Structure formats: structure tokens, C-alpha cells
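If you scroll down you'll find the structure; I have some questions about it.
Chain IDs A, B, C and D follow the sequence of writing; residue 1 opens each chain.
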Amino acid sequence: MIDLMKTPLSGIVPPLVTPLVDNETVDVPSLERLIEHLIAGGVHGLFVLGTTGEEQSLSFSVREQMIRESCRINNGRLPILVCITETSIVEAVNLANIAKECGADGLVSAPPYYFATGQPELAQFYEELVPQLPLPVFLYNMPSHVKVNFAPETVARLAKMKQVVGLKDSSANGVYFQSVMYEARKVNPDFMMFCGPEEMTGECVMMGANGGVNGGANMFPELYVAMYNAAKEKDVEKLVELQSIIMQISRTIYTIGRHGSSYLKGLKCACQQLGVIDDDFVASPFYKFDKPERDKVTIALAKLNMEHGKLKL
Amino acid sequence: MIDLMKTPLSGIVPPLVTPLVDNETVDVPSLERLIEHLIAGGVHGLFVLGTTGEEQSLSFSVREQMIRESCRINNGRLPILVCITETSIVEAVNLANIAKECGADGLVSAPPYYFATGQPELAQFYEELVPQLPLPVFLYNMPSHVKVNFAPETVARLAKMKQVVGLKDSSANGVYFQSVMYEARKVNPDFMMFCGPEEMTGECVMMGANGGVNGGANMFPELYVAMYNAAKEKDVEKLVELQSIIMQISRTIYTIGRHGSSYLKGLKCACQQLGVIDDDFVASPFYKFDKPERDKVTIALAKLNMEHGKLKL
Amino acid sequence: MIDLMKTPLSGIVPPLVTPLVDNETVDVPSLERLIEHLIAGGVHGLFVLGTTGEEQSLSFSVREQMIRESCRINNGRLPILVCITETSIVEAVNLANIAKECGADGLVSAPPYYFATGQPELAQFYEELVPQLPLPVFLYNMPSHVKVNFAPETVARLAKMKQVVGLKDSSANGVYFQSVMYEARKVNPDFMMFCGPEEMTGECVMMGANGGVNGGANMFPELYVAMYNAAKEKDVEKLVELQSIIMQISRTIYTIGRHGSSYLKGLKCACQQLGVIDDDFVASPFYKFDKPERDKVTIALAKLNMEHGKLKL
Amino acid sequence: MIDLMKTPLSGIVPPLVTPLVDNETVDVPSLERLIEHLIAGGVHGLFVLGTTGEEQSLSFSVREQMIRESCRINNGRLPILVCITETSIVEAVNLANIAKECGADGLVSAPPYYFATGQPELAQFYEELVPQLPLPVFLYNMPSHVKVNFAPETVARLAKMKQVVGLKDSSANGVYFQSVMYEARKVNPDFMMFCGPEEMTGECVMMGANGGVNGGANMFPELYVAMYNAAKEKDVEKLVELQSIIMQISRTIYTIGRHGSSYLKGLKCACQQLGVIDDDFVASPFYKFDKPERDKVTIALAKLNMEHGKLKL
């Protein structure tokens, strides 16, 4: 275990897809394979039960199973962050206590996502929640799903709590990212900034972010680690070269379906086709791709493989 | 118990506020007083754990307590509907089974509210969920909180399932309400239509809706029952007269705060001041009004009382 | 000419479709036929250059032509309202002066629709604009196109200006409509309220609104006039009967295309097929229906004709 | 004049604020001072009548005056782009012809902003508009004001027209920016990408963008040119250092007011206080800052000056 209040975390922290047998059962052998795949690929941490991990679609029993099994498999090799996003403050604390008990290193929390809070309400909520949590916590900005942004001023206010160690931003808004980084680090120079979307992680890291919580790393961890390293070393040419592969993945694997679920279904389907997980069962209210979409994933993967080899860079 | 697949429900079915001691405890004596107040006021059914009941902010244990205690107190006197809106299909079914076991008559379900579904995904979700439910179910349209509308075509598709007996619409969109009523009743002429916002329930009932799920009935059940009766009897003059009182309530009690939470906080604070519940504790992430807002509620109630008597019409 | 500050207007005031030869030319013979059709159908006023009239897609020259020709053809038989919605206050005043010069009776103005104003900015804008206008003005609430709502408090503030005689609401939000009517009439009991969407005009009139600005009246003026009369006379049964025809029109003619433009394209195509206008040219950035969609309009009209006769009720 | 279809444009192309005496009059002496200030500051082009230039709030006469005077003053020293965004295709062509006649080098066009188009309608609109334009054109993505995004697929489709030479993106969405750059450059490797928000221009240029259309350059052209140069030269350390000044400007000058107009009012007020323009009159529906806000601008500028000198870097 690392103490995130003292040792900052940097690098690629993939949001694990949740391998499922059905809506009530984690596919543990696939989870083992996935975690070994990620560790072998050089990632710097693990993020369990994020949006990519379908937290909200999972029952509490499955959420608990994911936390327990992930911590057990990882066995202290990498820092583990657990998402405790919940509409009920009581259940959020319950999840946090399970995470602590299992040996997780940190928590991640997006705002309550049914009622939309005003900014003062949002700040007050976290000022109530955080002291009840047994671990350091990252704020999680995810306005497309949550309806509410953490305003930069709110982040700065919350960053005054030592236990609030960073923010993961999935808004894709570059101005927002820069604004939060600027305001929060005035309060705490070590405030950690992680970028969700892999399509803009490289540039964010060059500008000072700590790393990326990139779903694509479930498929190709080496690629995203290489991207992080290039950015970290300010090797812009290398970064731009890797970026074109990352964009090819984004524009082929993640844009197949018709709905907002394209990213999740495409990613999970590709993980299955790559042998990382056995089945790409997606929890309700989503459903895995049918044959025509699966075929497009196959073609996209074949093209990636042909053009870029095994993406072990 | 009534069989909602055979006997349609009509009238005022208030969405009960949830009387709380704190985030983990239902205030049972207040719940008893509230239910007696509603039954004495002539309402036609009870709706537990709706948005007004703060379902999403409550722990599972508190949700279960609300279901059990409400059914116990009601003791079969009125039909009871229980809201099972959840992002996890498994937990939705769990809540439904508790409701059935406690003797509830029907369920109410809004779409999953973290991931936004496309319409085919939404239909497929309900085609998976509904057969697992032990009771008839109302769809619950709540786009401001859920991000997703039930398209009229989707409602028509789902209305083909006998177990889907109606829809409660809280969109406030009059064109949407008419469109759903028109399309769904082509499929099932008995499809029940309930209007959430009390400000437009009267007109909807005149046009053929079954009734209203009106939060204001927690305060003044007689008023909303009188409004329903006037609409039902096509007494337009009486309706317009009552409407002006309903609008006065809406424009004074529900518009005090600065955020989207004004309605809930104002309603709960007024219920406390009227003696219906002991405390207006609001579950996190909201917090009950402070003194300046409470004083405005007091003044608004005094003005209502002065101008319209005890609102026992 | 009527003085709208003294004589309230009530009834059906259709938003005229703009018959076009191309993007630069009004089809004047069709406009003549349209206006005669509407007057013969018993409507109570004419509304030129509204959203249904594609104001924003028209050049200034075409807008002026529409104002001049409509006033000339009408020749004082009905009150004429002209929409002056513009992002530039100077051009809005220019349009208003043309309207006045041509003999129009009133103006209609939606908020500037490029920059989104806050409510105080919006109020200030109208306090600057209105005194420059040579005619009484209706506010026009159209949030889907304009991004900004007139808050009920803002309407109440603006209703203090004698020249602001009413509001046309196209939000379809029933709570909003009731709230504005309640607040504005506390300031000015004669404040006129018009409902845009025909699907909810009947109920609004019963509750006290002055009438409807209903696009469908371009096709079937008698139907909407009959709906208005039934609502005005509080004949709920008649109203509900007519409502089912109005809903059939809405759900067949207006829902054919894939985009937000379905209503406009469907309406204009139906007007052409009914012989009201010669061509259903739609100004850029929209384009009239192709054959498959045209055929659906034909079938919908045939079904309406078969089931309800000529819709001259 | 440069031929933008042959010679790509790169660098800082400031969107000029429009110096106004009132809603109907350009302040020409201030415009002269502004343009000399920008040219002296080393910017690479001029962008007239953008959102920062309040195009939509200006009368046609003022728009024409701005085009004429800007071209006259510039006198061929820098490439000039003119924004022709309009809801009427006819008026857009009219503006384009004026721009051509005055000697502008290129056009910029955001989608029609009253009616929201679907993507096929949007593509069709540009396929109709572009051939009527006398100059090369940049697409302008501005979803917050226009309601509609150019989907990456739509940009790729339009990039097939030789006359469509690039896109200016003001969405602030980093994933979108990368996606458009990736898709459009597969069609045309010279497709120019400009970033609107200055807070993320540096990183975009490092990743391959051509430059920035940064409002802040009206105040401090040297700063933004230095940022561009650092990014162009892949000098990440220098860039990060300049970025902190850019963020200080953004978080102090642009965040003073309460509404979406804060950026425009703050920028224009600062330009006035810096002596770049004589008055910061803002066209209706906005209004320049009052004393309390002006004082905050004064303090922010003093702090910038104290900490960073004259920002001539």
C-alpha cells in the first residue's frame, strides 16, 4: 500500500472493464487474466468500478466481489483505486470501507448523479462525505453522466482537505482541465490531475497532468504506457506518432454502435476478441454487440495489428 | 390489494416525502402521521420512494424500511405504489420483491440514470426487467434527473406487455404527455396516465389523464383531491379557481432556494411547519433550509392560510 | 388596425408558412391563397415570420417582402403580428418599423439567439428594445431554438411595460406556461398568453390562455378554430374529441423525418399536397422531403380525410 | 493576399474585438489602434467578426463597416479572415462577397444557429453554400452558441471540397479536436486546424494544430505569439511557463461576471483599460461592466503587470 497523501501517483491507471458471466456474477478467471495483462503491460495503477467498469450497472454484491477479487489478485503489486460513486452517501461509505478492508490504496468519487446539486451543495456534500472515508480520495468529474461539473472553485475549496488528493476529469474539456489544474495546485501543489479520455491524455501530461485513466489500456497497455512515457519525457515527436495509433483505435473500435454505449461495447468486445476476457457480456441496460458490429471490431483489430504489429511498443 | 392490471387507478396519488431522523433512519412516528393525514385528506393511493421521497439519496436499508413501514401503516386502506428506480437491474428486482412481500400493489420505474440509453436499449432493458417483477409496473418519465425520455414509440412498444399498466410523466412537457397518451392508448385503451407536476395536473385530467402524483398533497391533500374532482367532473370554473391556489403554492413554497433542490426543500420544510412531520431533514446531498429560507416558508404558509383558510376545501 | 394595448386578441393566430419559389423569392400567389384559406377558415389573426415561417432562414429582403405582401393581402381583415426576432437590436427595430409602415398590429420577439443571456441581461435588453418599437409586442419563448427561457420573474418585470402585451410560449412546458400566466397577470390582468404547440392549446385555453399559434392551422384552420371554440365554451367532451384528430395530425404529419426539422417539412409538404401552396420549398439549411417521405404525408392525409372528412368541422 | 488553398496559415490569428461607439457605429480610430497593436505584437493573421467580435449582435451595416475598415487598415500586411456566420444562406453569401471585394483572404462559417440541423442537413447546407463563396472557407465549430457540432464524419465529407481549407474549433473538447484533425487530414493532409480557446491552444499546436484564434491576443499579442512559438518549437518547458500566465489571465479577467458573457465583457474592459480601445461598449444584448467589475479588471491587470512585466515576452 502506498499513502497517496504522501506519495503522488503518476502514469497510466486503467479503468478495468468488469468481466461478467451475467448480471450477478464476476468472471474471476478473466479478471485474473486481465490484471496480469495490465501488470505485464507496465501500467502504474488499477482503477476498479469506474464508468468503464460499469459500476452503476452492477449490484452491490458484484461491486463488492470486484473489489475483493481485484485486491486479492493484485496482491499489492500496484496501487488500486476503487470508485465509490453513489447517490446515497451511506452506500458510498459502505463501499469505501470494503475497499479499505480489502487493501485498496485510494477512492474515486463522482457527484451524486440523480439529483443535480448546485456548487455549494456539492461542496457541502463532499465536506460531509470525505471525513467519513477511510482512504484518500480523488474527485471524479464526469458531467455527461452525472449532469454536474465540479466547478474549478469547488475543486479548490475541496482541495483544502488533505484527504482530497486529486481529480480525474472525464469531461474532455481542455479548458476545464487546465482551469482545475491551475486553481487546485494553487491550494495544493501536489494535487494530482488525471485525464480520462486517452485521446487527449498525452497533451495533458505534457502540460503537467499526472497521467491517464485510459480505457484502451485494457486492450493495449503497452501503447498507453509508451504514450505516457513520451509525454513525460517531452518527446513530442514520439508522442504524435503514438497519438495517431490511439486515434485510430478511438475512431474504429469506439465508434461502431449507434448510441452513447459505443465506447463501452466496442472496448469490451475488443478485449474479448483479443483474448483478454472470455466474454464481453455487458451489464443491463446495455447489451453486447451483435454479429455485424462484432465483425467491424474484428476488422479494426486486424487493421491495427497489420499496421502497428502487436502494439507492444 | 387491488390488481392494477384489471382495476385502473385514478385520482391523487401523492409521492410521500420521506420523514428522516438522519441519513440512516426513518422517522416512523412522522411517517404514521403523514399517512394518516393523507388518508384523512381523501387521496386515492400512496406512492413511496419517488423523487419527492428522495429514493436515490437513501441507503438500501432505509428504502426497505420505508416500504415496510408504509405498507404496515396503510394496512391495505389505499393502493400503494413503490418506486424501484435503480441503475442496477438486480437491485431493482430486489426492491420489487420487497415491495411485493410487504403487500404493495404496484411498482414505478424510471430508466437507469447513470448511463444514458438509446431508445432500443431502453426498450430492451424493460423487456428484460418487467418479466422479473412480481407486480404491475408504471413507467416513470423523469428526463431532468434521468437524462433519457421514454419516446412515445417506446412507451407504445412496452405497453404491449400486460404488466406495464401506465406511465407517470414528470417532464412537464404537455406535447409529450398528449403524445404518449395518444400512442399508448392505441395499444391499450386502459393505459394509465399520471401527471407529476401539480401545476398542470388539472388540465391533464380534463384531457383524459387518470390523475396526479402531486408533491403538494403532502401538505394539503384536500386541495389536490378537490382539483382532481373538479377536473374529473369537467367543472372548469372550479378548476381554474383551485388552480390559482395551486399556483400560489408553487410560486411561493417551491421557489425559495437557489438551486434545483428548491422544490424538495420547500415542500419538506412546509410539511414540518404544518406539523405533518417532525423534522425536515433532507438526505445528502441536499440539506434543509436555513433560517432565512425557513422564514419565507412561514410567511408563504401564513399568506395561504389567511387567503384560503385551512385549505380543506 | 386594432390597438392591442386596449383590445385583447384571442383565438387561433396561425404562424404562416412562408411560400417560397427559392431562397430569394416569396411565392406571392401561394401566399394569397394561403391567407384567403386561413381567413375563410375562421382564424382570428395572422402571425408572419415565426419559426414556422422560417424567419431566420430568410434574407432581409424576403422578410420584408413577406411583411409587405401579407399586410397587403390581408388588407385589414384580421390583426397581423410580425415576428422581429433578431440577434441584432438594430435589425429588430428595422423590421419593426417596416411592420408598422405596412400596417401590422403587433410584434413578436424571441430573445437574441446566438449569445445566451442571463436573466438580468435579458430583461435589460427588452427594456432597451421595447421603447424603440412602434407597436405593441408579444414576448416569444422558444428555448429549444434560442437556448434561453424568459424566467417567469423576467416576464413579470417586463409586463410592467404597457407595450409588452403578452407572451407566446413554444416551450411545451405546462408548468412554465402556468407559472408565467400566474406571475404576469398579477402585474397585468389582461396580459395575453398564447400557446404555440397545438397539442396542448386546448387545455391551455380552458385554463385561461387567450389562444393558440398553431402551425396545423395552415392546413386545417377550421379544426383549430373548432378546438379553440370548444375550449372557450368549456365543452370538454367536444374538445377531447377534436384533440384526438389534432394528435393524429401531430403523430403522422410531423414525425416523418429523422431530424428536428420533421415538423416544418411535414407541415409544408402537407400544405402543398392539400393545394394550399404550390411548392413546399424549404429555405436552407433545410430541404423539402424526398419521395419516400412525401408518400408518407400523402397516406397520412388520405387517412385523415377518410376518417374525419374534409376537417371542416 | 495569400491563396489559402495553396499556402497554409499558421500561428496566432486573433479574433478582433469590435470597437464600438454605440450599437450602430464602429469606433474607427480604436480599430486602427487595435490592428496596429496586433501587427506590432507579431500575430500571424486577423479574424474579423467572430464571436469575440460580436458579429451576431451587429447590424449588417456595422458588419460591413468592420470588414471594410479592417481590410483598409491592414492594407495587405496580414491575412484577413472574415466570419460570415448567418442563419440565412443569402446573407452569408452577401457578407462573403463584401469580404472578397474588400480584399479579405478567407472566410469562416459556423452552422446556422436558429434551427438545429441534423448532420446530413448540415453537410448538404455547406455543399450548397461553399460553391457560392468567392473565397476559401474555414468551418467554425461553436456548439455552445450554435447548438450543433460538426461531427468528425461531416468535416471529413466537407474537407473533400478544395475550398474548405480548415476548421476552427471553439468547443474546448480535446477529444473532438483530435478526432476532427485525425479524420479531416486523412482526406486532406493540409487541412488546417485552429483552436479557439487560448487555455488549450499550446497543447493543440504541439499535437499538430496550425494555431490559435485567441481572444486574449487583443490584450497581449506577444504572449500568445510566444506561446505559439514555444509549442511550434516543441519547447515544453517554455510552453508550461507561458501557460501559467495564460491561465492567470483566463481565471482573473474572464471570470468576473455572473453570466456566459464574462469572457467578452472582461476582455473588452481590459482592452479599454490597457488603452487598446477607447471604450468597451458591448453591443446589446450585453452591456459593459459596471464599476465593481471594472475595478476587478483593474486589479487583475495590475497583478499581471507586477508579476510578469508588460507581457511583451
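As a convention for this text, a residue touches a chain if its C-beta (ideal position, glycine included) is under 8 Å from a C-beta of that chain, and two chains touch if they have at least 3 such contacts.
Because the structure is predicted, anything quoted here is derived from the model rather than measured.
Distance between Cα centroids is largest for the pairing of chain D with B. Rounded to whole angstrom units, the spacing between the C-alpha centres of chain B and chain C is 34.
The geometric centre of chain A is 49 Å away from that of chain C, both derived from CA atoms.
Under the touch rule stated earlier, the contacting chain pairs are A-B, A-D, B-C, C-D. On chain B, the positions that touch chain C within their shared complex are 152, 172-179, 182-183, 197, 199-200, 202-204, 206-208, 234, 236-237, 239-240, 243-244, 247-248, 250-251.
Only residues 23-24, 51, 54, 56-62, 87-91, 94, 111-118, 120-122, 124-125, 128-129, 144-147, 258-261, 264, 283-287 of chain B touch chain A when the two sit together in their complex.
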